[in-house]
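First the structure, which I've put down as C-alpha cells, then a few questions once you've had a look.
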Amino acid sequence: MTITLTQGILIAVWAMIAGLDCWLQAFYIFRPIIVCTITGLILGDLQLGVIAGGLTELAFAGLTPAGGTQPPNTVLCGIMTVVIAASNNTAPTTAIGLSLPFAMLMQYILLFYYSSFSLFMSKFDKYAEEGDAKSFKRLNYIPLIIVVLSFGIVAFLSAYAAQAPMHQLVTSMPQWLTHGFELAGGILPAVGFAMLLKVMLKPQYFPYLLIGFVVASMIPFSNVLPVALIGVVFAMIEYYRSRSDAKTEAKLKELETKGDDMEDGI
Amino acid sequence: MTITLTQGILIAVWAMIAGLDCWLQAFYIFRPIIVCTITGLILGDLQLGVIAGGLTELAFAGLTPAGGTQPPNTVLCGIMTVVIAASNNTAPTTAIGLSLPFAMLMQYILLFYYSSFSLFMSKFDKYAEEGDAKSFKRLNYIPLIIVVLSFGIVAFLSAYAAQAPMHQLVTSMPQWLTHGFELAGGILPAVGFAMLLKVMLKPQYFPYLLIGFVVASMIPFSNVLPVALIGVVFAMIEYYRSRSDAKTEAKLKELETKGDDMEDGI
Amino acid sequence: MTITLTQGILIAVWAMIAGLDCWLQAFYIFRPIIVCTITGLILGDLQLGVIAGGLTELAFAGLTPAGGTQPPNTVLCGIMTVVIAASNNTAPTTAIGLSLPFAMLMQYILLFYYSSFSLFMSKFDKYAEEGDAKSFKRLNYIPLIIVVLSFGIVAFLSAYAAQAPMHQLVTSMPQWLTHGFELAGGILPAVGFAMLLKVMLKPQYFPYLLIGFVVASMIPFSNVLPVALIGVVFAMIEYYRSRSDAKTEAKLKELETKGDDMEDGI
Amino acid sequence: MTWKMVSKVEDVKSDKKDGKKKSLFTNHEISMLGIRSNLVQASFSYERMHAPGWTWAQLPFWEKIYKDDKQGLKDVMTDNMEFINSSPPLYPILMGLLLTMEEDHVDRTTIKGLKNALFGPMAGIGDAIFWFTIMPIAGGIAASIAKNGNVLGPLLFFAVYVFLFWSRIPLAHLGYNLGTRAIDVIEDNSKIISHVASILGLTVIGGLIASYVKMSLTINIGAGNGAINLQKQLLDKIFPNILPFAFVFLLYWLLRKKVNPIWLIVLTFVLAIVMSALGWM
Amino acid sequence: MTWKMVSKVEDVKSDKKDGKKKSLFTNHEISMLGIRSNLVQASFSYERMHAPGWTWAQLPFWEKIYKDDKQGLKDVMTDNMEFINSSPPLYPILMGLLLTMEEDHVDRTTIKGLKNALFGPMAGIGDAIFWFTIMPIAGGIAASIAKNGNVLGPLLFFAVYVFLFWSRIPLAHLGYNLGTRAIDVIEDNSKIISHVASILGLTVIGGLIASYVKMSLTINIGAGNGAINLQKQLLDKIFPNILPFAFVFLLYWLLRKKVNPIWLIVLTFVLAIVMSALGWM
Amino acid sequence: MTWKMVSKVEDVKSDKKDGKKKSLFTNHEISMLGIRSNLVQASFSYERMHAPGWTWAQLPFWEKIYKDDKQGLKDVMTDNMEFINSSPPLYPILMGLLLTMEEDHVDRTTIKGLKNALFGPMAGIGDAIFWFTIMPIAGGIAASIAKNGNVLGPLLFFAVYVFLFWSRIPLAHLGYNLGTRAIDVIEDNSKIISHVASILGLTVIGGLIASYVKMSLTINIGAGNGAINLQKQLLDKIFPNILPFAFVFLLYWLLRKKVNPIWLIVLTFVLAIVMSALGWM
C-alpha cells in the first residue's frame, strides 16, 4: 500500500502530539507501544500497529532519557516501524531495524536543541531579573513550538515524502540484511542497559545486578515483575538494616564528639 | 446412603475423642486430615475419608487457634464434609462448603465456653488459696466434660438427626450454588492467613512475606517446605547478624554509661 | 578386547605423566575427564573414553585433596574405568565401581609417601644449613621419581598384567552386584562432600549450604554455576557489610582505648 | 525484667553451678511432667487462659516439694493462678525450669517475674514454629498424598504429631536439667529468636498464600481470535496468584478496621457464590 | 547541607508546628500546581536543564504570593533560574514543599540550599523507580499482550501512565501540606533511600538484560552424530543468556572508555548484520 | 601478628613508597617464578608439607640475591624449610611479594611472621575458590558435554586449567610489583575474605550435593491403584534430593565421630550393593 496525503498529514499531526509528550514526559504516549498503535489506526491496520507496538516497546526497553541523555527517538521509530511494515509488507521485527535511522535523525535534532536552547537562557534571566512574568511565560512557548513543528515535519517527510525510495530500498534488500536488521532489534536493548549501568553501577551494587540476572534467566516469566519483587525484598531488608546502622553510627559520632569535648575540657 | 444409628453413635464417640484433643491440642487428631479419615472408616468408605481429608486440610490451612482465637471448628467440618459427601454423593470439594455452617456452630459454642468458663475462676482461686489440691484437680474435669459432651451431641445431631433436611437441601441446590461452595472452600484459607498477618505483620517483616509469596508462585511445589527452608536461610543469616549487632550495641551502651559516669565524676 | 603389551606400556607412560601432574597439581590432567579421554585414545576407542570421563568426573566431584588429604586416586580410577569397560564390554557406570579398588590402592601408596617422605627432611635441612643449593635441588628429584615410577608400575600391573582375572571377575558378576557398583558410583560424591563439610561447616555458614541445596534442587540446571552465582551474590553483600561492620568495630575499639587512657590519665 | 530481678536470678545461678544437684524427682516423674504439660488448656477461659490447667499439670510435683509446708503449697498455687498464655509445645521446658526453681525455694517474686518475662515471647516463637511452619508443611505434604486416596497421607501426619507429643518428655528433662541456666539461653536470645521466628513465619505465610488460596477468573475479554482470557492472558502474566494476594490483603485491611473475622468468612462465601452465579470464576 | 542552614530550617519547622497554617492557596490551586509540574522540561537545555520550565510552572503561584512585592518576585524568579535537574514525577512534592516555604517567606538562601541538597538524590531515586522499574514492568506486560495483536496491551500501558499523571495532584497536596516536615522525611532518608533505590534498580536491570536482550548463536561444531550446537549444547549449558550479559558488559566497558553511545548502536548493527551474513545468528 | 611486627612492616612500606625500586630481576625471571611455583608439592610430606618444594622453587632467585652472601643464602634456605601449607594457585602472589622483601633485605623475623600470618587464611580462601568452586563448575559443564561422547568436554576442561596455569605468571608479577603493599590488601581483608569465601564455598557445596549425589528408592508401598512409589510420591513430595542430603549429613556425623574416611567409602559400597540386592534402589 502507499501512504496517502491525508494519512501523511494525520501522521504529522500525531507526531506533533506524541512529540510534545516526548519533550515534556507527561503521558508517556511517546513510547512505541502507543505510537505504533495510533499509527496503525491511521493507516487502517490497527492489528499491525498493536503487534509492532509490542515488539518495538521491547526493543526500546532500557533506552531511556534518564539524566538528560537522548536515545534514538521512540516517536519516529514507532511511526516508521508501522509505516515501513505496512507499505512494504515487511515483518515488524525487520521494520524496527529499518526505522532506526529515522529515530536517530530525530535523536540528533533533539540533541541539537538541548545544546542550542541555551541561547534562550539570557532572555529568561533578563525577564527573571525584571520580574516580567508575562514575557517569561510567553518565551517558554518558543522552544515548545520549535520542537513540536520539528516532529511534525520530520515525520511527514519520512512517512510520506520518502516512501518511494524507502520502498525501493526495502524490496531490494537481500535476506541476510533483512535478518541482520531483525537481529539488531533484538540486541538493541543492550545499549540502553549499558548506559544505565554506566550511571548506576557501583561495585557494591553488583550482587543485585547479578541476582536479577540469575533469577530472570532461571525462571523465565513474561515480565520482570518477579525480579522487581525480589529487588524490593532485598531493598527493604537493606532499608531496615541501614536505618539501624545509621542509628549506631549516630551514637558513635555522638560519643566521639563527647570524647573530644572532654579531652578539650581536660 | 443413610447414616445408621450405630454409625451416628460411633461418629458421636469419635467427635468426643477428637473434640477433647481439639480442646487440649495434644495429638492433633482434631485436624481435618485425621477427622475425615476416621469418619470415612466409620461410614465404610475409607477412600472417601482420606480424599476429603486431604482437601479439607488444605481448605483449613492457616485457620489456627493461635493466640486463643477460635476458627470454624475442624472436627465438625471434618465429620460433616465426609457425612455430606457420603450420604448425598456430593463431591468433597462442595461438601466442604456445606459443612462450614456446622463448623461455625461449634466454633461459637467454644467461644461461648472461652467466655463463660471464667465463672469457674473464683472457685479455682479459692481452692488455690486453701491449698486444696484435690478439689482443684477435680474442678478441672468439669470444663473438660462439658466440652467433650458438647462435641458428642453436636456431632450426633448434625450427622444423624439432621440428615433428612440436609439431603433435601443438597439435592435441591442449583449447580451455581454448589460450584459457589466449592470456590469458597478454595478461598477460605485467605481468612486464616489474614488473621495471622494481623498478629504477625510488622513493616520490617514484609519483605519476607513477599519472598515467600514470590518463591512459591514461581516454583510451584507440592508443599511449602522449600519456602520454609528459604525462610530458615534468611532467619539464620539474620540470627547471626542480630547477635553481632547486639554485641556492638552492648558495647556502645557500656561506653555511654562509662562516659556519663566520667562526666559525673568530673 | 584384550590390552596389548604396547597399549599396556603406553598406559604406563600416560599414568606417569598424569601421576606427576596429580602430585604437583599443575595442569589438572589428573582429573578423570582427561585421564579417561587419553586412555580411550590409547585403547582406540576415544568415544568410550570421553563418555567414561564425563561419568567418572561426576562421581569424583568433591573428592578433593584439599588440606593435604588423599582421596581415592583419580588417575588410576580413570585409567581402570576405561580399561575395564573396554576389555569386558561393561557399562562405564559399573566400571567406575570396579575401578575403585585400584584407585584406593594408589591412594594408600600416596598416603604412605606422605608419611615416609618425612625421612628426606633431615637431608633437606642439612643442605639448607650449608647453603648447598645444588644438592638441595637435586634431592627434590628423588621423591618425584619415586612417585612417577609408582604410578607407572601400578598402572601397568593393573591394566595389563591383571586383565585375565579381572575379566573373569567381571563376567561372573551377578546383575545385582553390577548394579550395586553402579549405584555406589552415584552415591560416592557424598563422601567427598562430607569431608569438605567437616573442614568448612561452621553453624553460621549453614544457611548458605541450605540455600545452595534448595536452589539446586528446585531449579535443575546442567551445572552448579547458577548456584555459584547466588553464592557470589550473598558473599558480595556480606563482603560490603563486613567491611562497614569492621569500620564500626574499629571506631568502637578506638573509643574504648581512648576511654581507658583517659581513665588512666585521671 | 527489672535489674533487681535479674541480679537475684544471678545469685541462684551461681548457687546452682557449684555442685551436682541432689534431685527430688525421679526420671520417670520428670517424664510425667512432660506428659502432664498437655493439660494446660483444660479449663481455658479468656480471663486466665492457661492458668488453671497449668496449675493442675504441676500440682502433684508441688505437693511433693511442699509436703510439709502447707503455706508453701498455697502460695505456689495462688501465684500460678495468674493469667498465663504461651505456646503449649514449649511448656515442658518452662515447667522443667520452674520446677528446679521451686525445688530450690527460689524467691517467689523472682519466679513470678521470670514467668511474666518469658511467656510472652515464647508464645510468638512457638506459634511461628508449630502453628505456622510445622503444621502447614506436615499438613501440606500429607494432604497432597491423601488427595489421591492414599491412607499414607493421614498416617504420615499422625506420625509427625506423635513424635511432637513424645518430644515433650525430653523437653521436660531438658528444662529440668538445665535449670536456671536455661534462662540465660532464653533471656539472651528471646528478642532475637522472636525476631527470627517472625522472619521464618512470615516467609512461610507468604508461601502458603500462594499455594493454598485458590482464586481464578474465567472471564474472557474481547471475542474471536483476539479474545483474551482475563486470568491466563492478563492476570497470570502480571503475576500468578495476584488475586489471592490481593484478597488476603483486603481481608487484612478489614481486620485492621476491626471487622469481625466471622464477616470475612461470610464475605468469602458471598463472593464465591456471586462469582459462581455470574460465571466469572 | 551545612550545619547553619539546617539550623535555620529547624527554626522554620518549629514555627510551623505551632498552629494550623492559614493557607494562601485553595485546594484547586494546589491541584493545578500538580498539573503544571508537567511543564518543567518545556525549555530544556543542557545549560540549565529544568530551570526555565520549573520557574514557569510555579510562576502564577509566586505572582500571588508576591502580589505587592515586585522585588520579591524578581528574587524568586532569579533564584529559580539556577540549574535544576531531578525526576519529573517527583516535582509535585518538591514544588508543594517549596511553595509553603515561599508562602512563609523563609530566608532565600535556606530555600536555595535545600533545593540543591534535595534535587540530586531525588533524581536518582525517581529514575530508579519510574524509568527503570515501573516503565519496563508496565511496558513488558503490555508488550507481551500486544504482541498477540490484542489492543488491551496499549490500553493497559496508557492506563498506568494516566494514573501516574493523575498522581501528581495528590503528591502536590502532600508536599504542600507536609511542608517543611517533608524535609525531615526526605533529609533523614535520602541517603538510605537512594541506596535502596539503587538496589531495586540494579536488580531490575539485571532481570531486564536476561529478558530483553536477545542473542543466540546458530553455529554447530563437529559434524554428524557427535555434532553439538554451540548455543544449545555449550553456551546454554554454561549459563543461559551468557551472550547478552557479556555483550552488555562489553558496551559498558566501551562507555567507560568514553566511547560515544552512538558508536555502540553502530557496533550493534554491524555485529548483527555480519552475524546474519555469516549465518552465525 | 604482633603489634611489633606490624610496625616493622610499616617501616618497610614507607621506605618502599618513596621511589621506584631498581629491580634486580627481569620480567622474564619473574615469569619464571610464576611457573616454578608449580614445584611446591614436589617433596610433599606431612611433616613439612610444601616447605622443600617451596624452597626449591625460589632457590635460583635467592642465589641471585645472596650471590656474595653465603650466610644470607643459608639463612633464607633454613627459614623457608619451616612447615608451610597453602593453596598452590595463590603461591605466585606470595612468592612475588616475599621476593621483593628478600631483595630489600627486610628483617628475617618480619618475613617469617608475615609468612605464618598469611598462609593459613590463604589456604582456606584458595581452596574455596579453586577446589570447591572452579573445579566443580568446570568439571560439571565439561562432564555434561562429555557424557554425550563429545570431545569438546575434556577440551573445555583442559582449556580452563591451561588458563589457570598461565595465570600464575601475571600473578607473580602482581605480587612482585605490589610488594609490601600487597600485605595491606591481604592483611586488611583476609578475615573478611575467608568469611566471604566460606559463604561462596558452602553455597556451592549445597548445590553440589543436590546435583551430584544420586540416590533414589524404587520401593512401592501398598498395591494396586492406591499403591504409591516411595521415592516419587513420598520423598520427592517432601523434598527432592532429601536422601542425598540426609546421607551426606550421616557421613558428616560419622566423620565428626572420628570415623576414618575409608570406612565411609566402604559403607557407601556396602549400602549400594545391599540396596541393589534387595531391589530397593
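Every chain is named by a letter (A, B, C, D, E and F) in the order it is written, and numbering of its residues begins at 1.
Assume contacts are C-beta pairs under 8 Å (C-beta built on N, C-alpha and C of every residue); 3 or more make two chains touch, one makes a residue touch a chain.
Being a predicted model, the structure only gives us computed values, none of them experimental.
*Asks:* Provide the labels of all chains in contact with chain A and in contact with chain B.
*Replies:* Of all the chains present, those in contact with both chain A and chain B are C, D.
*Asks:* Looking at the contacts, which chains touch chain A and chain E alike?
*Replies:* Chains in contact with chain A as well as chain E: C, D.
*Asks:* When the contacting C-beta pairs are counted for B-F and for D-E, which pair yields the higher total?
*Replies:* Counting C-beta pairs in contact for B-F and D-E gives the edge to D-E.
*Asks:* Over half of interface residue numbers shared between chain D and chain F means same, under half means different, so which is it?
*Replies:* Different residues, largely: of all residue numbers at this interface, under half are found in both copies.
*Asks:* Based only on mean CA positions, could you tell me how far chain A sits from chain C in angstrom?
*Replies:* Whole-Å distance between the two chain centres: 53.
*Asks:* Whole-Å distance, chain B centre to chain D centre, using C-alpha means?
*Replies:* Roughly 12 Å, centre to centre.
*Asks:* Counting only Cα atoms for the centres, state how far chain A is from chain F in Å.
*Replies:* Using C-alpha averages as centres, the distance is 48 Å.
*Asks:* Listing for chain D: what residues touch at least two other chains?
*Replies:* Residues 141, 144-145, 148-151, 226, 237-239 of chain D touch two or more partner chains.
*Asks:* Could you tell me which residues belong to chain B and also touch two or more other chains?
*Replies:* Residues 47, 206, 208, 210-211, 214, 217-219, 222-223, 225-226, 229-230, 232, 234, 236, 248, 252, 255, 259, 262 of chain B touch two or more partner chains.
*Asks:* Identify every two-chain combination in which the chains touch.
*Replies:* Touch list across chains, by label: A-B, A-C, A-D, A-E, B-C, B-D, B-F, C-E, C-F, D-E, D-F, E-F.
*Asks:* In the complex of these two chains, what residues of chain C are touching chain B?
*Replies:* Where chain C meets chain B, its residues are 204, 206-208, 210-211, 214, 217-219, 245, 248-249, 252, 255-256, 259, 262-263, 266.
*Asks:* Going by the contact rule set out above, which residues of chain C touch chain F in the complex?
*Replies:* Within the complex, chain C touches chain F at residues 23-29, 31, 33-34, 37, 46-47, 50-51, 53-55, 57-58, 61-62, 64, 66-69, 72, 97, 100, 104, 113-118, 120-121, 124-125, 127-131, 133, 136-137, 139-140, 143-144, 176-177, 179-184, 186-191, 193-198, 200-202, 205-206, 208-218, 220, 222-228, 230-232, 234-236, 238-239, 242-243, 246.
*Asks:* For chain E, which residues are in contact with chain C within the complex?
*Replies:* Of all residues in chain E, those touching chain C are 226, 237-239.
*Asks:* For chain E, which residues are in contact with chain D within the complex?
*Replies:* Touching chain D: residues 141, 144-145, 148-152, 156 of chain E.
*Asks:* For chain E, which residues are in contact with chain F within the complex?
*Replies:* 221-222, 226, 228, 233-234, 237-238
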